[in-house]
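Going in written order, the chains are labelled A, B, C and D, and every chain counts its residues from 1.
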Amino acid sequence: MRRLIGAAVVAALVAGTAACGGSSGGAASGGSTDSFTLAAITPPSSFAIGAMASSGPEDPYYQAVYDRLLSVGTDGQPQADLATEWAVGDNGMSLDLTLREGVTFTDGAAFDAAAVKANLEKAKAAKGEAGSALGAVQSVKVVDPTHVSLKLNRPDPGLTAALARSSGYMASPQALDSADLATQPVGSGPYVLDSKQSTAGSVYVYTRNEDYWDKEAFPYDTLTIRFLEDMSATVNGLRSGQIDATATQTSDLVAAAEQADLNVETFFGGGLDGMYLWDRDGKLAPALKDVRVRQAINYATNRDAILESVKGGLGTVTSQVFPEGSLGYDEALDDAYPYDLDKAKQLMAEAGYADGFSITLPDFSPVYPDEQAAMTELLKSINITVEYKPTTGDQVVGSIMGGQWPLNYFTLTTSSPYELIGLTMTDQSPFNPFKNSDPELAKLIDAAYAATGDAQDDALQEVNKYVVDQAWFAPWDAVESAAITADGIDVTPVPGVSVPPLSAYQPAS
Amino acid sequence: MSLPTDPTTAATLGHAIDPEVRRAGLVKRLVRIPTAVVALVWLVVVVAAAVLAPLLTSQSPTASDILDALAPRGPGHPLGTDGVGRDVWAQLIYGARTSLVGALIVVIVSLVVGLPAGLIAGYFRGRFDGISTWIASLLMAQPAIIILLVVLTQVGRNTALAMFVFGFVIAPGVFRLVRASVIAVREELFVDAARVSGLTDPRLIRRHILPVVVAPTVIQMSQIFGIAIVVQAGLEFLGLGSANQASWGGMLNDAFQAIYTAPRLLVWPALAIILTVTACALLGNALRDALGGAPAARRRRRRKELSDTGSVTVSTSPDVADDVALQIDSLVVSYPGAAGDREVVHGVSLAIRRGEVLGLVGESGSGKSQTAFSVLGLLPGAASMSADRIQFHGEDLTTLSGAAMNRLRGRRIGYIPQEPMSNLDPSFRVGSQLVDPMRHHLGLSRKDARAEALRLLERVGIRDPERVFDAYPHQISGGMAQRVLIAGAVSCNPELLIADEPTTALDVTVQAEVLDLIRELQAEREMAVLLVTHNFGVVADICDTVAVMRDGRIVEVASADDLFSDPQDAYTRMLLESSVEGAPARKPLPVIGATR
Amino acid sequence: MFTFLLRRIASGVALVFVTATVTFFLTAMTGSDPARRILGPTATLDEVAAKQAELGLDQSVLQRYLDWLGGVLHGDLSTSWFTNEPVTTLVWAALPITLSLVVSAIVLTAVISVVLGVVSAVRGGWLDNAVQVLSIVGFAIPSFLVGLLLSVVFAVQLGILPAIGYTPFSVDPVGWLTSITLPAVALTVGAVATVSTQTRGSMIEVLGQDYVRTLRSRGLPTRSILLKHALRNAAPASLTVLSLQFIALISGAVVIEKVFGLNGIGQLATSAASQGDVPLILGVVLLVVTLVVLVNLLADLLLGWLNPKVRIA
Amino acid sequence: MTETPLLEVDDLVVEYDVRGFRRSPVRVLHGIALDVRRGETLGLVGESGSGKSTLGRAVLGLAPVTEGEIRFEGRAISGLGKRERRALSSDIQVVFQDPYTSLNPAMTVGDILAEPLAVGGVAKGEARQRVKDLLDAVHLPTDAAQRLPREFSGGQRQRVAIARALCREPKLIVCDEPVSALDLSTQARVLDLFVEIQERTGVAYLFVSHDLAVVRHIAHRVAVMYRGEIVELGDGDTVTSTPEHPYTQKLLLASPVPDPDAQATRRARRLEAASSGAGGAR
């Protein structure tokens, strides 16, 4: 259930080379439904259950061959897929699923409760990202062939979202333990991978699964997903008709696509962009212990200007942690910290830092020069001086988690408020590097986890309001993604999911 | 991205450049080459723009103003702005800084690494040479970009570092060039002489080796400078350059994103790169020309040789006697020089009768070889020649077309060159070099030509014709090679044989045998022979008639007997008297106080 | 000739070995944490530790090196950390693309350079000047610039040739040809500049040799002297430069593959390097250096064949 | 009292390594023995490949000594270290064959001549005077010091090379074919210069040449080399006019005389000798 594009920070930092692309998605060629070619910014990691990478650019590779238990609807909420119904029970300590009947895997094996059990246990055991998202699942019980019940060790409101992502992929139980599964997937999905026509690490060709249960949702007979890392090549491919669609979070590619008269559909991609103020206990930068200093940083942030100059306008400014449309979103919080330099300076003075202080931050300038410049400037406006320490891409996340930086610019992409809470707000959270624990916040979080139905929204709003008031973060904007398609292809993106699902691409009506 | 590491040019450079021209004022020479001036001016402009960037624009090259994106040219933005509102002009001149600094890093690193290593390896040879040469070939086998990829991804994007590493990658090119130049000059006698003079190694390197290495290295540096700019642009294009500074490669990359809406953005960085690199290449070429003596007049008119004789006039001289094989009237040969044409043969006239051996004698520079080549139509391309007449058995060679002349050469006029080894094509077997002309001129079948060639080889005194026929030139001795060349010259039964110092490069014992051979063949076939030589012994041995040449003119023509017994011209007399042959031997040294 | 060959092979093997070793330790020495990168930022420390053990990163560098080397000797280049495909599979999939590109470019370069070099050396005059100007400009234009312009003009605007992608020869020979035409031409421009200059230079040098004059004195046709004798003697120098160009072309291919969306060795190298996919980096380096060694060997053989002194010895 | 020869060569063997796997070295000199006395010219005659130049280079320390010994003034000088070898430079000097490559084209004649003087520790002012004297000694104009070698003819360049050899007032000059690249008229004059200098300074020459006539002109004694060995050594007149060894005879008969009649005779004698089975050296 976790799907973070924080990983994108890593990838981008490490890979100067890949810095200009960010794509994956699909579209159809000029209304014909014969074939459809998507460009993706990365090749698939592995088709093995539990090893499949966090959702994002690799989704289409997997969605072509695997069905998930649930999928994400255009409203951003889980919807039926292989599981037709689901219910949280036992005070949030169990999740009961009703399974679709008559579905078979392409090797002939039947999809049933035993297959679900096998897949979920496999994913959990693999200890990958998909497995981590199943952390709350204690056991899987086969009720009957079409019903399974997941026993949880704690309430996990994010579990359904996880089952709509990489944790929910279902492979044939017969192939589950084969080492070949990593490169030769056997699922029940709309397409079958044609290994003969595919080139590992480069071009993946899929042909229609004639027995698929929902063929109408996938109008194209052949699907090709092409790994293309270069932006110019992608645009040229789209222009020359060799590529039908792609998805990206790179504003440059969006600009280029717009300049090239391609269809561009932007949507909320699920990421929270801005400054993450980790050192709330003041271990590295004592000043940050003072909530007024953290608030001052928020007031000193000119979000509109940053979005325009740094993000090229791609995104929605926000000062709260949950995005619009999500549970826990509170419209009022968007204006919690209007740009007010005087107020910021006043708060700094009250906290005893009128003359500011200095901090050491990781140098992200190789990948995020504009972001870093904006951050430097805004910190300087309240007399906080920054010294940057060189760092390499693959050390970034480790150093953040290891508590090396009092704060830094970051983008964390999550699929639900619960995921963000789990990642950043509890004393167990990996992105709570100094293990700040605030009893008040802990209480609110427990309440949010325990809540069901409409009460969830209220409880999450409380959490939201608290961390905004306490200025745990200084968010800039909710990240926007874009789906780019050639003429004749429509796309209906899902908000909060950075890459539109495969079924989102349809011939233009 | 090509690396200038080709050892061939490296080796030739070492030789081609005459260090003495440094004295003549390199700058003065350069300024005389128009392309060099243009290139220098452009480079100075680029350097000045880079250095004075803050004075030339008040804009920051990296500050973007999204509201002012893709602004047209206008006040404040002399070249407009790019897709995110950065000032193009500022990017261009600050980008020049990045490019020039990067290229400079490459030049310095490659020089610091390659020059000393090349000097030491070339001068001292031995183990260091072996190891460093191996390391160089190891580095040269690495695709530069892969090295850069591996290194840069370990340490992060950084243009300066990339260029630093690239300096190492390209250093073997410098190393090889320096080493080749050093080895070439190391064999020069003046280095031996300096060593015998007691110079220490460091002093010898500084005084005699380094000056020779400087010129080719400077040329190579200008090329490396250009290549570094291209490579740097490529790296920036790949996204491996520092992101927080303006660069031409980065501009190109950005421009491609806007290629459909603002193609003009492509123009500036592309022009900057192309022009600057072109300037570097042109400067390199100009330096080479200036240092090596420009081959400016080279091949000015290749076809001029025989077809264009300018002063062909209807012969006014008396008719040629029947038994005259070759008659030359008023032959003039000149070469273009810095101060107008330089005449080396001034109106030479000669006649050779059938069966006569005419010796054309003179010291170096007298024009005797030029005269011989004029008859063959084989003067170097730059030479121009005219004559009232060069009549060969009734045909005036000055009026013949190239093709008609080709039918005569080899068929009716044979030629024996001076240096046997350099006159056989090293890549072809001796046999084929004999067979080809016979098949061409006489229309012999392959088999017949081979039989004839073997017969000829035997005739010129080669004991094992079959082996020599199948041998490559490097497998036979000089004397044998000269016999092969003689066989080639007479293979089509020519009526006239032109021999240019045919024995000068040979040992005396071989010389005697070769002269015997020429004499026999001449008698056997009643050939007329024009024999060019400086050796009066050779003349006395073989010639019927002698023409003495001095400074492009014939000073005396006489029968061999008359010439030696009663030379008429003072110069001839002086030459004859200079000979140490037959002079009294030196007296033995008295033994001082010896009681032995 | 035989011992010469043996020595070249031995030296080639040593070269591959040293390069692979240096690369291995270079990639191993930096404090990178591939497990973390593979698992993503949210993985727990236990998960990271488990992954490290799975990748063998808990062993000493020397042990890893020996394991890797042992695998290489058995033809096993290990598995890519990020795509879980065997490195051999990835590398073999990418190789035909890059080889198609580089070999076509080399052939094009050789043909064009010989024609330009010979004509320019023999004819002289304006033609010579034109060729020299072209060489300098070809040298000065970055190949990716040529590639992108070609792509924009011929693929996007005119739509004659594909802008991206590669069609295997076995699938569709015509498609193969069209898919590599633009990138190969883009690569060729710079190489032609270098090789034709060299050919011109060595032709001029050979034409000034004594034996050429002697051949002319034999009344042989000019064409035979030029094409048979002069070209043959000028060939070694050009061939040497051409073999060096091969290395340069592989470098060029890295950039050009990006421009044309070709997932060849270059693309593999960039993505492997950017992700820190050590087994893949090592595989690519091993393959490329082996390729270079083979090409150098081939060039040596050709040079030996062209040079009777070597051939006979 | 017996005079110690200036230079003694004992059983000298020189071998060169041949590139390649397990190639045995090539032996160029096979046990040469000779001596040169003070003020004497020893002519060394041979055809190409006879090893005569190698012998000269070995004396100069430019060729490796494999076996045997070279002694100068009774002291072994083969296998000396670089420093000791350099010290010898004031005693042993050289004049090479090719006056075009034996002078550094980038240096003025003055610099070329001053260089050995500087090595010998002569002060600048004194050096300038010495250069003048040297130019005078080889009959070159004083203003030659400011000019570059390329401004001179071959003969003049060879005079510069001789002047350079004389700089340090050596006791022995190795002359490696010093006149064979020169024109006939120049050749004679340069030879005369050699003789003149020797008579004035008492320097000894090891004079290498392929030309019997040249050697006869200048050498007190002559050694004839053939394939790395000395086949005949003796008084100059004898060796060059009535040689004993068949090879020397063959050499003599092969050298053409600049007189048609005399040459006809010599040719006839040579052909006769060849047909009588003396055998060819081909």
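The criterion applied here is as follows: a residue touches a chain if its C-beta (ideal position, glycine included) is under 8 Å from a C-beta of that chain, and two chains touch if they have at least 3 such contacts.
As the structure is a computational prediction, the values presented were derived from the model and not from experiment.
Colleague: Would you mind naming the chains that touch subunit A and likewise touch subunit B?
Modeller: C
Colleague: Whose Cα centre is nearest the centre of all Cα atoms in view?
Modeller: Answer by centroid distance: C.
Colleague: Identify the chain pair with more contacting C-beta pairs: A-C or B-C.
Modeller: Spelling it out, more C-beta pairs touch across B-C than across the other pair.
Colleague: Quick check: how many Å separate the C-alpha centres of subunit A and subunit C?
Modeller: 39
Colleague: On a C-alpha centroid basis, what's the spacing between subunit B and subunit D, in Å?
Modeller: The computed centroid separation for subunit B versus subunit D comes out at 32 Å.
Colleague: Would you mind pulling out the distance in Å between where the CA atoms of subunit A average out and where those of subunit D do?
Modeller: Here subunit A and subunit D have centroids separated by 89 Å.
Colleague: If a residue has to touch 2 or more other chains to count, which residues of subunit D qualify?
Modeller: Answer for subunit D, listing residues that touch two or more other chains: there are none.
Colleague: Which positions in subunit C touch two or more other chains at once?
Modeller: Within subunit C, the residues that touch at least two other chains are 30, 32, 148, 152, 258, 270, 273-274, 276.
Colleague: Touching at least two other chains at once: which residues of subunit B meet that condition?
Modeller: Within subunit B, residues 149, 152-155, 238, 256, 259 contact more than one other chain.
Colleague: Can you tell me which positions in subunit B touch subunit C when the two form their complex?
Modeller: 1-3, 5-9, 12, 134, 137-138, 140-146, 149-155, 226, 230, 233-234, 237-238, 249, 252, 256, 259, 270, 273-278, 281-282, 285, 298-300, 302, 376, 378, 402, 406-411, 413-415, 417, 419, 422-429, 433, 436-437, 440-441, 472, 474-475, 485, 488
Colleague: Any idea which subunit B residues touch subunit D in the complex?
Modeller: Residue positions touching the partner: 18-20, 22-23, 188-190, 192-201, 203, 207-208, 211-212, 363-364, 478-479, 507-513, 515-516, 534-541, 560-561, 564, 574-576, 578-583, 585-589, 591-596.
Colleague: Which part of subunit D faces subunit B closely enough to touch in the complex?
Modeller: These residues of subunit D touch subunit B: 1-3, 37, 39-41, 47-48, 60-62, 82, 86-90, 92-94, 96-98, 101-107, 115-116, 119-120, 148, 150, 154, 161, 164, 167-168, 183-185, 187-189, 191, 195, 210-214, 216-221, 235-237, 240-241, 250-251, 253-263, 267, 270-271, 280-282.
Colleague: Going by the contact rule set out above, which residues of subunit C touch subunit A in the complex?
Modeller: So the residues of subunit C in touch with subunit A come to 30-34, 36-44, 46-47, 50-51, 80, 82-85, 89-90, 93-94, 148, 151-152, 155-156, 159, 162-165, 171, 258-261, 263, 267-268, 270-271, 273-276.
Colleague: Per the contact definition, I'd like the list of subunit C residues that touch subunit B in the complex.
Modeller: Residues 11, 15, 18-19, 23, 26-27, 30, 32, 122, 124, 136-137, 139-145, 148, 152, 190-191, 193-194, 198, 201-202, 204-205, 209-211, 213-222, 224, 229, 232-233, 237, 240-241, 244-245, 247-248, 250-252, 254-255, 258, 266, 269-270, 273-274, 276, 281, 284-285, 288-289, 292-293, 296, 306-309, 312 of subunit C touch subunit B in their complex.
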